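The structures considered in this document are given below.
What follows is subunit A paired twice: with subunit B in the first complex and subunit C in the second.
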Partner chain A sequence: MSKNTSYTFVVIDDHDSVVEGTCIVLKGEYPDAKILTASTADKVESLIAETQPNLMVMDLSIPSEPDRESHISTGLDLLTGILTTHTALNVVIQSAHVKALIRLKPLIDAHKGGFTISDKSAPSHEMLKKVDWALQGLVFTPQEMRVGLEIKREWMTMLELAFKEGLTDKLIAQKMNVSERTVRHYWTRTQDALGVYPEEGFNIRVHTHNKARQAGLLD
Partner chain B sequence: MLVTIGWVTTLYWVIRRWSHQRQAWQWWQQQQACQQHRSAESIRDGLLQQTFGLTRYLEGLSQAACSETISGHPTEHSADRPESYSKLTDTWVARSRSLYQSLEALSNDLSPPFVEDSLSLALQLAIKDWNQSRPELTIRYHLPSEWIDNSPADNRRILPLVMTLLTVLIPKNSSGQQLEVTLNKKVTPHDSQTCQLTFKLTCNLQTQQQPSIQGVELMHLKEIFHSLVTGRLDISKAEGSLICRLSWPETHTLAP
Partner chain C sequence: MNSSLKQRQFAFLKKLLPGLSITGLVILLRLLGGLQTLEWQALDFGLRQRPAEKTDERITIVALTEEDIQTELGYPISDQALANLIQTLKTYEPRAIGIDIFRDGPVGEGYEQLETVLQAEPQNIIAINKIGGNVTVDPLPVLDESQIGFADAIVDNDGFLRRSQLGEADATGDYRFSLTIRLVEKYLGTKVDNGLKNPEAMRFGETELPHFQPNTGGYTWTDNGGNQSLINFRAGATPFAQVSYGAVMSGEVAPELLENRALLVGYTAESVKDFVSSAAIAHDGPSLVPGITIQAHAVSQILSAVYDERPFLTALPDAVEYGLIVIAGLAGWTLAKWQQKPARHLILVIGIAGGGLLLCQLALMVSWWLPLVPLGAAFLVNAIAPYPFYQAQGQLKSQIQARQTLIDQTYSAIHNGPLQEVAIVLSNLPQANGSEPSQSLALEVTEIRTRLQTVNRELRGIRETLQAEMSVIHESATATTDEKLVLMGTRTETPHAIDLHMPLPALLYEVYQTTVARYKTFFDAVVQITAFEPMDERGLSLEEKRSLGRFLEEALTNIYKYAAGTSRIKITCQQQGDHNLIQIIDNGKGLKPSKKMSVSGYGTGGYGTQRARKLARQLGGDFTLTNETSGGVRCELCWPVRKAFS
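And then the complex of A and B:
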């Protein structure tokens, strides 16, 4: 079903067939969206600064400028700059090199906007799901990018305040001396670590509670 | 006196030649790994991208065919299409995805994911993939989440050796076995760090025969491991378990 919200998307990829394929899928789901494209890293910063997009769909292996070879390092450097400068931008990484993102893990963990990873082998509907999650500000990183369960201390505190003391996000924020937005950020990171994502008919907080208990984080 | 000098000189030349040979093997192995990495990147940057474009194109055809069927309003071209058109496009979408996955697996074989960044993650992924052909084998991991100090060149040498070792130890169709994988670092008495990877294979002794620890392949692996990473491969049996311990000196990557 198509969505009528008029978003601005930026698609970055150096392969015409990939850009075309991605734009067709996005247009099918978001017919009113304005979609801008870039094939080299040198164009991206200014494009994002000028258009302030709602979402960026990006490949990691791209050339720095026209007629140069594609390199993952170019994409990773560009992404590092974007995540540092545009801290609330929603990002979908669509690449055949997604595992290289492990190098930016601390930066991804700290990013305030949505951040999802869509492997290029994924079918269109899976890619659209990752776009939707990123637009909602959620985080999705593949489980294989983690060794075991990686939960930070502040996420653990939030889980205890929410599920042991039954506090709302507002009260959790007050208790932890952070903003409510930061608490929401903790939720998305914790849910990603636990592998909890939005699912039709499921209450995500209840699902998080169950998963946290299964993982031994809560009694 | 002359005999002693003769022996010392000979010994010196033997050690020198052995050291040169080892360096040559390490260099050759590194060249091979680099070549394989370039081939893998070429697949990822070329064939995988083209296959992605093709898959999206086919998906578009499939969706168009599907919506025509649902709406009952065929386009000017659809009258020429057989009824099975939608199924046909679905089949080709599946084939295209399968081609993508095969190419991805090939590129991962040539250059394993995470090998440049984290031996823990590279091991975890490689062993999980390998485990798919041995579904009866239960594996428990004790891997550190941070493993950033190891040299990528060492990782590229160690990973194929480890996977060959596991394949020699645990052939396909083995059942009733448990494998524990532990990776850690130990400080030696000389204050240098040694990386240690331990495999503990526990067999159901009533149904399984444990592999021989004196096999020719294991002997070869010990030699190769020593030559390529200056490491040791120790294999022993204890309380119904086979324990393989690979240890090698930690080498730090210099900042570029």
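And then the complex of A and C:
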């Protein structure tokens, strides 16, 4: 992905030092990007509506207004609103409390943009990887958000059409009566469910095929 | 933004609601006037119970008694006799004389003499007229305007008099003053003036007379035409000195009773019928009181206020009154909620009510009229009506608690006894490997192992079954106010509450997520193919949605408990044409019709099956439980969409 495209990022965190650190790391990787920041929830909706950013990096534990205490519920409410209204926005969640996100799973599954979760204590290149994935429209959720392997029925249909009948995305889209874009959306969600993510030098479709077979989905 | 705080506040308000609504009814009743008569009676009773005040030394009643009429006066008193009486009284130099006798023309002999007497200096005689009602009575034409005061009385709807009319416009629109005001003017030697604090009120010097409002105290929507004031009746058996016509004319009256006083001349004779009802004065309860006595009370309260700063009868502002009523209601409700034992509750209620009553009476003794009746009503109804309900709820809760304890104890007994035993046997079973001498023995060992593992799992499942049953019972005990479906979390987690207002697919998805998380170790090895599609839930009650959530929970739990070997499940929740469908298919060992499944299984008519059948009947649909041809069980609930208006 070209890093020359001029991106607009929004960084939300209640700690100024974290915001600053995140900005420095992002600037290093995306020198042309315009980076906006917010430290309280009340500013975020209007900021996003006005600037239409490509990506939002967000901490869940934030205060609703200045001089209020930080709460995860505040971040969850805000995120729920954003996922509902800005369906194409790419989102990176920086948080240690991923379990709180389980309730948002249906929204995350339905979200059209990328959605990745990055551990706050992880090194900066991990964060940059999650930013890159989110910008590619991929999904990454940690294993502890899941119990077993949940596959939506339509993902299953897609997997069968792709790997049993060997169809292209275009033909799958025709058969399933959805857009190609939707099929790509299914792929990213299925890959997250199977724990398959882009790796330098590996073909992700082949990887997905292997994992699906291992899980017994193609029996 | 902070939704959990808002929710908590909302939940708190919701808990307060029953108390507030009972109080609201009391307030509504009061606003509609339903308590007015009771409040009047309470006021009269309270006023009667006050300790006696000393006899007023500024006022004397000169009574035309039954005896005076019978012996020498006759009725009506002639101009001659009246002139003589006034002349005699004037020799004692009173400050003012009020003649509470209607007279608009000559009666008998001596009219000219009466005219002279009325006009003589000092001109301190007041006569009465009547300006309102169907019949008006004019005063004698010789009188100066300052010598005329009206004697119209205002009586409340229950026939009792509690207010004094001070001023009012007459039929021609001229503003007139009452006998009370005119007499006070003459006594004080000053003119009545407009109030300084309240320009609508009347004022003598520093003293402002309280201006009666339509909602003053216990009154509701009362006509306060003109200028009225509540009468703070002078307490005691002899509030005023009273002398008879006969005694005055024969010179038997002590001069100090007449000298420098305001004298009120009027009939007390029963045959004349110048009486009104009052319950606030007489010591022996409600009775008829001569009009002249009422006039004396009205004049006395003003003079005592001017000279002695004796307070007028005052009510609290409406907002304060209603604030107190809400507080009394909440106090009662809190007491009911406290759930003391009945005897103690009763004592507390009586004690607090008695204390309140005493407080109101003490306030009345310093002339504050508190809303005793609505306060008492709000407190008592709140303290008594919900008490049995809260009591029953409390008992139910403790019963459930006791049952929960029993379950826990039973389970730990099972856990520490049989389960340990099973674990030991399992670990001591020889491994089925190639070194076993006999192939058939190895097979047998494997068979035993599998069976023991099943026993192990089923025994462990009992606790979950009982827990689920408990939460259903608990829910039905508290469901009246709770619009949530409560699911047990994993063992260490607190129960998970799901809002029943959310759309059915989202609700079912949360049930699915929570339930598989509860049996994480089992479902981690299971592929779950899911479809939670939109469903037409028109006409579904919250209770039915709750039951549908329970249905899915139970179906998933049963897979964990009975469907050994399951590696894949398929959950489908969607609308199909004019039906809604919840379907759960596993690929486990399938139903064994011969084997009785334990308490909650969907196998052979356990609780779970019964509940599912009942739900299906209620929804007008079908519940089916069948073996799949490929192995595994299909559990399905299908019901028709309820069309609106059909």
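We take it that the second predicted complex is superposed on the first by the 215 of 219 C-alpha atoms of A that agree within 3 Å, B and C clash if a C-alpha of one lies under 4 Å from a C-alpha of the other, contacts with A are read in each partner's own complex, and residues count from 1 in each chain.
Note that in this section a contact is a pair of C-beta atoms (placed from the backbone, for glycine too) under 8 Å apart; a residue touches a chain by one contact, two chains touch by 3 or more.
In this text the structure is predicted, and so the values were computed from the model without any measurement.
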{"item": "Fit or clash between subunit C and subunit B when superposed on subunit A", "value": "clash"}
{"item": "Subunit B versus subunit C as contact partner of A:P123, first or second or both or neither", "value": "first"}
{"item": "Which of subunit B and subunit C A:A96 touches, first, second, both or neither", "value": "first"}
{"item": "First, second, both or neither for A:D32, with subunit B first and subunit C second", "value": "neither"}
{"item": "Subunit B versus subunit C as contact partner of A:E165, first or second or both or neither", "value": "neither"}
{"item": "Partner chain(s) touched by A:E150 [first = subunit B, second = subunit C, both, neither]", "value": "both"}
{"item": "First, second, both or neither for A:I24, with subunit B first and subunit C second", "value": "first"}
{"item": "Listed stretches 416-424, 542-550, 614-622 or 632-640 of subunit C, narrowed to the one that overlaps subunit B", "value": "416-424"}
{"item": "Touching both subunit B and subunit C, residues of subunit A", "value": "102-103, 147-148, 150"}
{"item": "Contact set on subunit C toward subunit A in their complex", "value": "1-4, 506, 509-510, 513, 516-517, 520, 523-532, 567-568, 570, 572"}
{"item": "In the complex with subunit A, residue positions of subunit B that touch it", "value": "44-45, 48-50, 52-57, 59-60, 63, 93, 97, 100-101, 104, 107, 113-114, 117-118, 120-121, 124-125, 128, 141, 143-145"}
{"item": "Parts of subunit A lying in touch with subunit C, wherever the complex brings them together", "value": "41-42, 64-65, 71, 73-74, 77-78, 102-103, 105-106, 147-154, 156, 215-217"}
{"item": "Subunit B partner contacts - residues on subunit A that touch it in the complex", "value": "15-18, 20-22, 24-25, 28, 61, 70, 96-97, 99-100, 102-103, 120-121, 123-124, 144-148, 150"}
